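Shown below is the structure under consideration.
To keep things simple, chains are lettered A, B and C as they appear, and every chain counts its residues starting from 1.
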Amino acid sequence: MTILLEARNLKKSFGNLAVLSDITLEVKEGELRSIIGPNGAGKTTLFNVITGRIPLDSGQIRFRGEEVTGVRPHVLSRLGMARSFQINNFFPNLTTLENIQLSVQSRLKHGTSTWRDLARSDGMREKTLEVLDLIGLGEHGAELAMNLSYGDQRKLEIGLALGTEPALLLLDEPTSGMSRFESGSMIDLIEKLSKRVTIILIEHDIELVMKVSQRVLVIHYGQKIAEGTPEEIERNEEVQRVYLGGL
Amino acid sequence: MEIHFSTILTSMLHGLILGMVLVIVAGGLTIIFGMLDVLNFAHGSLYMLGGYLGYTLAKVTGSFWLALIIAPMIVGFIGFLVEFFTLRPLYGRPPVHHLLLTFGISLIILNLIKFVWGNDIYTVSPPNYLAGATRFLGISYPTYHLFVLFFSVAVAILLWLFISKTRYGVAVRAGTEDIETLEANGIDSRKLFTGVFVAGTALAAIAGVAIAPMRTVYPQMGIDIIIDAFIVVVIGGLGSIRGAVIGALLLGQAVQFGAVFLTGFSDAAIYIVMAAILLLKPSGLVAETE
Amino acid sequence: MKLIVGRKYLVAVLLCLALFPLGAPTLFSDFYVDLLTKIMIFGIALLGYDIIAGYTGLVSLGHAMFFGLGGYCAAYSTKALSTHNLFPMLGVALLCALGVGLLVGYFSIQTKGIFFVFLTLAFAQFFYLAAFNLTTITGGDNGITLPKVTIGIPKVWEVMVSRPLGFYYLALGFLVLAYLWCHRVISSPFGKILVAIRENEERVSFLGFNVRRIKMKAFMISAFLGVTAGVLYATYNDFVSPGMLHWTLSGDFILMSVLGGMGTLIGPVLGGAIILYVGDFLSSLTENWMIFIGSFFVLTILFAPHGILGLMLKRRWKKNDDPA
């Protein structure tokens, strides 16, 4: 299986605070990799440097065999990397449908045309409906995004990433702030998605992580402290200590 | 033109005075921005209001000092009205709205001034004992100008003492960085905002009155000063008081020397500098280490 | 959002505008034809401004720069190309807009919010000061007088633009073209991205769009429309002066746009019409009519931030909404 993402020796400091210290990871195509760790461990920062949201201090990133260190977010998106955010980052005053349309539009041939009207042609309609169905928001198409329930908003968050037809999907705490009940459908969604796209998942919900992941990476103070299958991680003493026995 | 020491000294003093006045005006502007995230377009018109009010008060009471004290109080009160009735309702809105609002307020004030005082230029006489010139270091320099210099330095020092030594000052400084922590500590941020706004506008008014005997009060003064103040704030870094001080002093010298040694196009050079800073170091020339 | 105001309304307005001048000077004075011409010329500039400020959310204080640039290009063409024809003037102006727009835009687009305001202000003031001080080229504060212009194909078939009717219909024609173009742009995929940028610029880039390039395009559109309006304005008044470049004119554009309702295309044009008309009316009553405009503006921001059009549409939306 090919290696989709290769990140080597990533280092990032904010002032004197080293948030990422020499992180290395490799994600194979088709994997579902989870990243866990206590708050402030550097997980979101890891996503931020991989997706080009903030610059790296040092290290290298290769995506689909290409060197992409320091590349800007929109270029990475075009290469097939998509992400969802821990704090909702969609378009509140557009409808659910319009949100997804925008995402789908980015991959269509005349997506930035100042002339043509895409609404009916170029597969826009089919692709949009497909994404909406996948995330289970087909009935909420006409609702303004800001009026959706929180759980549905988190799904929209993912839907926006899906519309860009990514090869690699980075999900940042998708169940953040969700109730137990809402998390259930999210878990189902993630499992469904894992069959179509490679996923890297940041999560706090250990149960979810153990259930869906193939491999788990544990980060603490910006350093990798363990990596392995869910079972291995569960038994790992240092990980248990870090989570204060809360595994 | 021969370059004498006296010319340079005079120019430097001029620039210094312009700079110090700008410190007061831009200082208020930058604190208001740092604290409230509002760029107060109306700042220039309030400075101007201070000047015109000062003129009238001085005429009516016969005392320049009374004018210097009362005018800022009136303007501060107007600042309070503006903050309370127009800015407060807008605090949740996108920053564009604040910009537009203060822009609208500035229009109203500028035209109100025109309405009350007309399009005339008024001279304000300094107190008698400050009129005339003082001789020192080989030059003869207007005494009142020197007063403005010392006065604005005094105001600036008082301000600095207030900001760094008193509890309220600390709250203001903290507020420019992180308002949530302040609120967590039980400080009413809304009252603080109002206070800062009132103080800032009162300061602008003080500058307007103080500079009146030097430059007269004239219809363009609001627009002239706001552009300079903006430039200072940008150069110094939005929200940085120290930056505003340094920026103002620099600009004062630059404008003065530009006016003396270059010709009209020197104004344009200042805009180029501002543009360059905005692009290369938008956080301003002065690194914020507080 | 489909057409903000129904197509029927717009066609009706167009018909009224087309037939309006025929009522002069019998039904009403030529003055109104003149006022409407000015309103329509401003409308072209305001359409351009709405694209960049209303739809993309990039409020600039530099739009007057393009307006004035158009005027000075027109003046320059009469000297350098010795032409009185409007079309070469427009050609020069559009080329200039390309150059200046790319230059200013390239730098300005890298900033946002308050920095963008300042930067566009700085650029605009730079041009203003250039016009003011380089008296040998620009005539300084005295401005440059333009000759009466013609339209048609240079040297082949030209006709002097008559006043007031010729210019009126010329302005109307350009306004209609400008509106049709802007409407196309707004309804296109590009237009949807603009609105998205205004909503959440970061996410747009994470979806794979080159936000900088898209903003540049929008900026260029506003530049082209701005200079077109400038050329028309200067040739209509036979005069161009540094005032056409001053940042307070940019402020006026903002005033008009907000009052009418930004992000609607029609709104800013309406706002311009109101301010120009009311301004003219009020200024004959009192010298201080700006106080009313300013107060009205402040009230708008406080209570009706989507402008007059926003108010009108809200009422219509409320009627159509199911009580839910």
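Keep this in mind: a residue touches a chain if its C-beta (ideal position, glycine included) is under 8 Å from a C-beta of that chain, and two chains touch if they have at least 3 such contacts.
Every value quoted in this text rests on a predicted model; they were computed, and no experiment measured them.
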Greatest separation from subunit C - chain, by CA centre
A
If you average all the Cα positions, which chain's own average lands nearest?
C
Centre to centre, by mean C-alpha position, how many angstrom separate subunit A and subunit B?
49
Rounded to the nearest Å, the gap between Cα centres of subunit A and subunit C is 43
Distance from the CA centroid of subunit B to that of subunit C, rounded to the nearest Å?
33
Subunit A-facing residues of subunit C, complex
184-185, 187-193, 195-196, 199-200, 202-211, 214, 217
Residue ranges of subunit A touching subunit C (in the complex, touch as defined)
51, 53, 72-74, 77-78, 82-83, 89-94, 98, 101-103, 105-108, 110-118, 160, 163-164
Mind listing the subunit B positions that touch subunit C in their complex?
39, 86, 89-90, 93, 95-97, 99-101, 103-105, 107-108, 110-112, 114-115, 223, 227, 230, 234, 238, 263-265, 267-268, 271-272, 274-275, 278-279, 282
Can you tell me which positions in subunit C touch subunit B when the two form their complex?
57, 59, 107, 110-111, 113-115, 117-119, 121-123, 125-126, 129-130, 132-134, 248, 251, 254-255, 258, 287-288, 290-291, 293-295, 297-298, 301-302, 305
